[in-house]
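Listed below are the structures to be examined.
Shared between the two complexes below is chain A, which pairs with chain B and chain C, respectively.
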Partner chain A sequence: MRKLLNTLYVSTEGAYLRRDGLNVVVEVERVEKLRVPLHLLGSVAVFGQVSLSPALMGSLAEAGIVTAFFGTNGRFLARVEGPVSGNVLLRREQYRVMDDGPDCTRIARAIVAAKSLNQRSVLQRALRDHGSALTDAARDAVIAAIDRMQDIARRALHETDLDRLRGHEGEAAALYFGVFGHALRVTDPALAFRGRSRRPPMDVPNALLSFLYTLLVHDCRGALEGVGLDPAAGFLHRMRPGRPSLALDLMEELRAPLADRLALSMLNRRELVAGDFRIMENGAVLLAEDSRKTVLTAWQERKREEIEHPFLKERTSLGLLPHLQASLLARALRGDLDTYPALIWR
Partner chain B sequence: MSDADLIALSALQHFLFCPRQCALIHIEQAWAENAATAEGRVAHERVHAVETEVRRGVRTVTGMPLRSDRLGVTGIADVVELHRAVDGGWRPYPVEHKRGRPKAHRADDVQLCAQAFALEEMFGAEITEGALFYGLPRRRSVIVFDPVLRDLTREVARSTRLLLAAGHTPRMAYEKKRCDACSLIEICRPRITGAERSAADWLKAQLDA
Partner chain C sequence: MLILVSYDVEVTSPGGARRLRRIARACKDYGQRVQFSVFEIEVAPDQWVLLRARLVGEMDPVRDSLRFYFLGSGGRRRIEHLGAKPVVDLDAPLIV
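Moving on to the complex of A and B:
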């Protein structure tokens, strides 16, 4: 099995990364804080006022390690990478499928069905773990959502119209986020979920979800590029300049198992509390800078957890899921598989 | 033959081992380094350094660039020995280095014979034999470029060109002996892609799980 390589996240303001031999050295105020061998890295993500020496960027690019730059709030700024990998014939096939109704829908419906089933699994788990602590009304609402989401997944898998498929996805998402708050066990009103909001997130769970989705989309994008697919040309998400549509497609099936579950467990285990978030004057909520490290560490640990891949039937780490799914998607586009086996994980 | 139509000499050997491996490497540009390929690479870096050495009437040239228009291939020879001939000229004698043992299949022989085709065109001479040097045991096997091997080499070059020109990677069923030895097994995934396993059926089954 392919090895999960680390992502080096650096979020300390003023940090400077340079190369020393075959190592990356992280310095803060000219003091060496960390030294990592290049061959252990899969990617580098830096947040805010962090700089890299040109020699290091060159070595990273040469080793196929992508460096991504994010603003202080996690907004994507830029990436540095080496030559484009893979095969132009595969990308041509990707664009052809994108333009072709039936082939495009075949892949998109696998993604929507998987997304709904994975969201449903999050609710099922919450019900199993602490359903007895819920009020009757809340429990009934969760059970009703679970049933309907199963039905939506079934309809999605038979859907032949791309726009109706997007409708099913929206319906499932509305149901899911309608009861997502019941999966939270914490009673502090400062941590309550008040419906999905983004740009900006208006409560703590949304702020956490948004930050985790930023990390996930970064991983998905890297995984797609790694197998030679164009992350900007999606099947479910319409192509729009500046938007990594295929990375967003790939992320759909992975959001619930990788990000949503982690967000819930961090809040439920009180690894994050209200003080870890900053509420702005207009009600927008952001993960506080000092708390980002807590989330990044938890994210890295989560990625090291292992499961048996449901389709491949091989043990793998969660961190490799974007890569494995990207390679299965490439195989489906090449015609090695009859369709894309999106990740469905209970 | 135009330069753009030339295919890599190494593709012939990949094709004989497995057409899918050949397509993965030469069409899809896939490459996975494992211990075996890393070892091979290090060994090749040594022999591919361009050098000439003369010893006892034999000039040894490493890293010689080759081209055969008859086969439409281009590549680099590990080692070409130039043996002093009775007429006073130099007779080229290809020697290819291989890790491991002599193989039951003729992939290595075909690669060497393709080099001979190129050397014949480039030196204007007929080449009757060459050698494969195997690391295990450390021994040379002499390969005679007889009509059977030449026909096979031409046929393999033709089939490989057709495969690469089509730009489509064929499916191959999993074969333990071949696939377990292949560094591309995780990219290829022969158990899934070769066995006609249906992802659509799998998805449907997940609905009721």
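Moving on to the complex of A and C:
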């Protein structure tokens, strides 16, 4: 099993990262804050006004460590990475499958079905944990959504048309986010969920979800590059310049277990409160700078939790799931597996 | 796996200061300095082969000594630290 390499997050304004031997050194106002050997890192993520020396960027790229730059609010800006690696034959197969209807749909439907089932289990979990605290109407709505999502997943598995499959996905998402607010136990109206909104997120749960999705897509992208797949050429998501379509595909099945659950538990356990968010003039809600560290810490801790992989039957950490799924996807494209076994959370 | 590397280099001998510097440099590249001549190093077996060869190549076996303590993968749990010079857990979330 490969080791879960750490991610270095730097979000202190004015931090400077430089190379010293085989170490990354983080300085803030000329004071050394942290020194990490390169071989322990899988990626570096920097937020806001943080700079890196060219020598460090070169060493990171050479060591296969991806550096990603994010804006102060967590929006992805740019990546620096080394030479394209991996197998050209695998990538050719990826493009072929993308253009070929049946093979493409086969992979996409595994993803859509898994995504709906994973969203469904988030709702089931909420119902188990605090269903009794919900009003009758809310509980009925959640139960109805759970039933219909199961049905959508079943239909998705037999869908042969890619566009209709995307329709199923949208339907499941609408059902899920229609009742997602009931999974929140906090009563503070400032933390209420008012339907999925993004660019910009208009309430606290959306702001948190968007931030976590940004982190997840970064991990998925790195995982795909790690196995030599092109993160821009997706099956479910249409290609568009600049969009990491395949990373978004890979992320679909992982959103609910990795990001949504973490968002819910952080709010439900009051690890984040209304004061951790800022409301902008246009109504957009953003995670405050200091609170980003709370979320980053929780995200890293969550990635260290272990589970048994449902398909591989091996113990693994949640943080390795994007890497394992990416390698399963590569095996499916090579023909070593009949189809892509998308991750279905128990 | 976690390895504790400690060394004694005879700096008064010819080239001693240079050997000390280069041994420290090698340890620093892969691990964390926890005391003056003591490093905690978390490496994969293949990386250890490289580092070990580098250390052995730098030392003078007649004058210097190197000690490697193999603490295994759960080694961090067997360490207790008191007092100054706090150590960073490089496995924990790295957030600055």
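One rule holds for everything that comes next: the second predicted complex is superposed on the first by the 346 of 346 C-alpha atoms of A that agree within 3 Å, B and C clash if a C-alpha of one lies under 4 Å from a C-alpha of the other, contacts with A are read in each partner's own complex, and residues count from 1 in each chain.
The rule is simple: a contact is a pair of C-beta atoms (placed from the backbone, for glycine too) under 8 Å apart; a residue touches a chain by one contact, two chains touch by 3 or more.
All values reported here derive from a predicted model rather than from experimental measurement.
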First (chain B), second (chain C), both or neither touched by A:L8: second
First (chain B), second (chain C), both or neither touched by A:T105: neither
Which of chain B and chain C A:Q119 touches, first, second, both or neither: neither
First, second, both or neither for A:D336, with chain B first and chain C second: first
Touched partner set for A:K293, first chain B, second chain C, both or neither: second
Which of chain B and chain C A:V28 touches, first, second, both or neither: second
Partner chain in contact with A:Q325 - chain B first, chain C second, else both or neither: neither
Chain B versus chain C as contact partner of A:H39, first or second or both or neither: second
On chain A, the residue positions that both chain B and chain C contact, one per complex: none
Chain C-touching residues of chain A, taken from the complex the two chains share: 3, 6-12, 15, 20-23, 26, 28, 33-37, 39-40, 293, 296-297, 299-301
Complex interface listing, chain B residues touching chain A: 27-30, 167-169, 171, 186-187, 189, 192-193, 197-200, 202-204, 206-207, 209
Of chain C, residues touching chain A in the complex: 25, 28-32, 42-44, 47, 88, 90-96
Touching residues on chain A, where the partner in the complex is chain B: 1-2, 85-87, 89-90, 110, 113-114, 117, 150, 153-154, 157, 228, 310-312, 327-328, 331-332, 334-342, 344, 346
